[in-house]
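Supplied in structure tokens, the structure appears directly below.
Labels run A, B, C, D and E following the written order; every chain starts at residue 1.
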């Protein structure tokens, strides 16, 4: 089930928040194979987070069908650390819930914090962390769960270019090593191209997938390589066109 | 979730608390439920009670039948006492509570926002909250004699500390970002209180108000025992006490029933809508 | 029948006794016989202490004592006539029996300076201890007999304000009320501490100048099951009454000691002295006065749950009369309201 | 702020509530203040009282002097009643309160998390909260006799609804993101309650507990009036009532003083540290 | 005072959170003239938000001197809309506090929402807005205040490239029109170059200003122009070096 088959499939999915509200998602179709890394781009407010919420069963679709074959986890766009737990304990909570052996938890949490360059932040409370640090703890927490599908909602938005580069490499290495499926929502077109095997462009009002690019630039890709830049430029033009359609 | 086909038209029922509550249909159902369910609860209670009576579990002077209690209620009604007592108590309770809010809110704000004032006066406030209403009766009588002022004094001393403490802990729980935004927006003291502190503390304050109402209402029941006098008029507390004095359990239960009823009514008519609206508005419904 | 005042045991053995007996009382001067009996261990004298343990329970008010009786947590208690009647009425006569009198009299109508005649009462506010209790009923019927209208909610030619005795003092001091019909020690306290004057002593309204203030009740089941124990208690009670009537000074002292023991604070000396003068201590049940005050209460609409049988069966004076007979004393009557 | 030179070593005093509270120095000062200030408050109260006495504002049977109250306290102490009553009441209050927490928490959780259960049972809970403790006395005596069980029953019926309602409103106020995180982490019912719902609702729950303690303590004072016997022992409620019955204002005030003192002590020793730690941990201190 | 002189000046500023905590800012110096637009770059957790908090008097420095000559406002990095107010009312609150005439408030709020492409979101509650939409409302709210100094803490982080481009232009136009002083914290190096007259690079542990570039590319700049890209590359290299110094 790891190497072949469908991780999840969405067919004709629609979503509106209340009967008299407009459709946010309308007839959305998406099929992702196990082990794929798919980037999703789209205008602000087009429904990316809504889609991820539905995929992780936090919200229900209004109609359509959804098959999810693997356990999912989600890195939220907003601040999502538990304020009553330190950074390390936030990660340990994820380990605990996923039945990680009690004795090894602390060590594992520390490892994960080091992975996101926060080795010394174990005992810091969320309110003592900077925006980017919180985001990185959330990433570490998601990785702690070792779910087969990882949904990431603009996870690197608050990180500087260098830390982001570094985490790109870590993410790709984890992905290659474990064969998990990753859906990566971002506003950074280069980032989408840097990471994705496919890049999907979402339209807004209503949200559905407009276009898809298969990225066949071999790893190790570099975000500032000409190949990435070039594809990014093409996609940006499409994005601009799509957004200007709506004003 | 492995290999499972998630049915999208339903939402997993277990995580009610998580729902975003945006669906109107669900809301309609919820509000219907909110009105039908309490009735259900009452029917349930009466059923269990009636069964206990049938089993002759305790003699009827200890556990009267629903119909005996009903007869007591009717009897009180016929004497004109029930309506008079209930409206009297309700009026006093509501008035006392409103006055308590007016007094408690500035106190809560002052102690909530000023650490020094809080360190000095909060222990007094907490101390006052610990005192049973009956402790206030002698002093109130000496000060205010046989007037409604005595009753209000007892009610206020019961409710004010509770409401003020509720507001203080509401203020304590305000996420700091809102106060920071207020400062960055340049809000001065009063504007900040009106437009930032109070709304931000509102959910916690509201739950303090509900507790405060219970304190007020219970204190009122104690205060109404002070005397039977034309200046004071009858009240539900008096009705309860009469039942006790006469050893008349069906009158006691009738009084308990009416006291609960009025309390629940206040909750339904006053607090529940405010609470639901507050939660819904903030995406917590 | 025995010759010496100290009884011999043979008769007691025939009646069943309980392992423990729970005796209720108030730490109040009107319950003096209970207090003196405790201080002087009169009950212990007649109860074989290896067989029967005594538990004393101090109550603050009648309803709790009646509730305890209903819950089976109390066997015998000193109590006023009103809770006795309501306890009897509310259980259709099944709960309790009055087995002896204890205290009589000690209620007075005290008023402020300036009220000198009955006519002066018009428009005044007079307090009573509690809606429907003996004094409340007495006050209302006295006012009625003098042509004043009153009502349960107070409105009338004279405003009757039932309120707790401790509050009455404060209200009188404040000038909120003009007088009060009160039992001891409150009548004395108003006179001594608030310069009230006595307008009327309630006993003058009663035949033989006697009315019931405190009696002893026993739970019907306990009485039926353990008449031996009840009889011993009554013997102790009679000893206590005897002692009180013969040794006023020592008895007062005993009462003060017990009040202090139970509530931490004695009465003022002048208050207990004055109260004592107004009270009578006797086993006489004064059944006629009980039924009269019940009738008055019914008339005033204050006693609603008294059935058609009225108070009949409320008394069971058989044990008391046995003891009186053993002591060659005149037996007492229940005035047709129960066993004698 | 135009052209103003901001002095960095001081922080504008007006916005106390905004401080991040990370400075240890400030914390030390704060904890000193927390212990000195209540004493200050008491001195203040006694001062005002003494002045009122000097001004012969009210006769001394109405407004006794501090020294008269002190004498009453000493007298009670010498009788052995004060210590006995205070420890008795404290033990009962704390035990009753702890039992109330154990009972109320599952109820609060169930009604907080399940909309259907809440719709049916919350009105009953609220109704119970509205009832004065004295309403429970007859039933409790009849059920449990004159034992500590009766007193605990009255205390529980006073405190449980309040604590449960506090927990429910704490749960209502949980920001939805934490519940979502719990679900995404895959937390099952119990784990989610233990590790997410309870900690997230904790600030609101804690303030419910404080209100619940006040209810418990006040109910206890009422319950202690039922009777005194070797099985029950004296209590502070009894002491207060004796003062009332005797019309002895200095004893009443002495009892009030001790009741407040014990209440404040509980707040200082038990609630204040927990509250402060909670707020500090979450960056709300 | 608008055209000349110092907007604010920071000298030898240090900051630590508690006596035994390490210095976050150490001997930081910065002087900004009225009407300047300065971009600040720095690694995640280096102290950028802390500096902005101190500049807006939300936090106090541990030592050093600070002179602020104009009224400031701040766009927070985290979500900062009042959850009890709709998007429009959030902006009206800023207008109210700044004594904007009552009658004109609603109209002005609507204008500002339209400025950030949220003309139809007036009545939406914060929890009904997407991450990027919330950020835009916060920007509109800051603009509503018309303060002389605008401190922006990664304001465009959650926005797609196109909306971001558009807001860059709007921001520059407002800046040119009103002559306000802007401090713009970002992780996007190109964005820093696109907007700033100066770009400052902050070091971490402890935070202080390492380097400064004066950007003399004339407006209208384009974020994907070679000039911007080139300077961005230079700065990125410096940033990488700085970050790698700390691991």
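The working rule: contacts are C-beta pairs under 8 Å (C-beta built on N, C-alpha and C of every residue); 3 or more make two chains touch, one makes a residue touch a chain.
Since the model is a prediction, treat every value here as computed from it, not as a measurement.
S.K.: So which chains count as neighbours of both chain C and chain D?
M.R.: Looking at chain D and chain C together, the chains touching each of them are B.
S.K.: Quick one: which pair of chains has the most contacts?
M.R.: Comparing chain pairs, contacts are most numerous for B-D.
S.K.: So which chain is farthest from chain A, going by the mean of the CA atoms in each chain?
M.R.: Greatest centre separation from chain A goes to chain C.
S.K.: With chain centres taken as the means of their Cα atoms, state the distance from chain B to chain C in Å.
M.R.: The computed centroid separation for chain B versus chain C comes out at 41 Å.
S.K.: Please report how many Å separate the Cα centroid of chain B from that of chain E, as a whole number.
M.R.: Each chain reduced to its C-alpha mean, chain B and chain E end up 47 Å apart.
S.K.: Just give me the whole-number Å value for how far the CA centre of chain C lies from that of chain E.
M.R.: 85
S.K.: Touching two or more other chains, which residues of chain B qualify?
M.R.: 18, 20, 22, 62, 137-138, 142, 176, 180, 183, 244, 249, 283
S.K.: Which parts of chain C, given as residue numbers and ranges, touch two or more other chains?
M.R.: Residues 63, 67, 70, 164, 166, 170.
S.K.: Which parts of chain E, given as residue numbers and ranges, touch two or more other chains?
M.R.: Within chain E, residues 17, 57-58, 71-72, 78-79, 127-128 contact more than one other chain.
S.K.: Which stretch or stretches of chain A touch chain E in the complex?
M.R.: Of all residues in chain A, those touching chain E are 17, 41-45, 48-49, 77-79, 117, 128-133, 136, 154, 157-164, 187-189, 224, 233, 236, 239-240, 243-244, 247.
S.K.: Would you mind writing out the residues of chain B in touch with chain D in their complex?
M.R.: By the definition above, chain B touches chain D via 14-18, 20, 30, 33-34, 36-38, 40-41, 44-45, 58, 62, 112-116, 119-121, 123-124, 126-135, 137-139, 142, 161-162, 165-166, 169-176, 179-180, 183, 189, 197, 203-204, 206-208, 210-211, 214-215, 217-218, 221-222, 237, 240-241, 244, 249, 252, 255-256, 259-264, 267-268, 275, 279, 283-284.
S.K.: Touching chain A in the complex: which residues of chain D?
M.R.: It is residues 20, 22, 177-178, 180-181, 183-187, 191, 195-196, 199-200, 202, 278, 281-283 of chain D that touch chain A.
S.K.: Give the list of chain A residues in touch with chain D in this complex.
M.R.: 56-58, 71-74, 76, 78-80, 82-85, 93-94, 96-98, 125-128, 141, 145, 147
S.K.: Using the touch definition up top, name the residues of chain C that touch chain B in the complex.
M.R.: 62-63, 66-67, 70, 82-83, 86-87, 89-92, 94-95, 125, 127, 130-132, 152-155, 159, 161-164, 166-167, 170-171, 174, 176-177, 303-305
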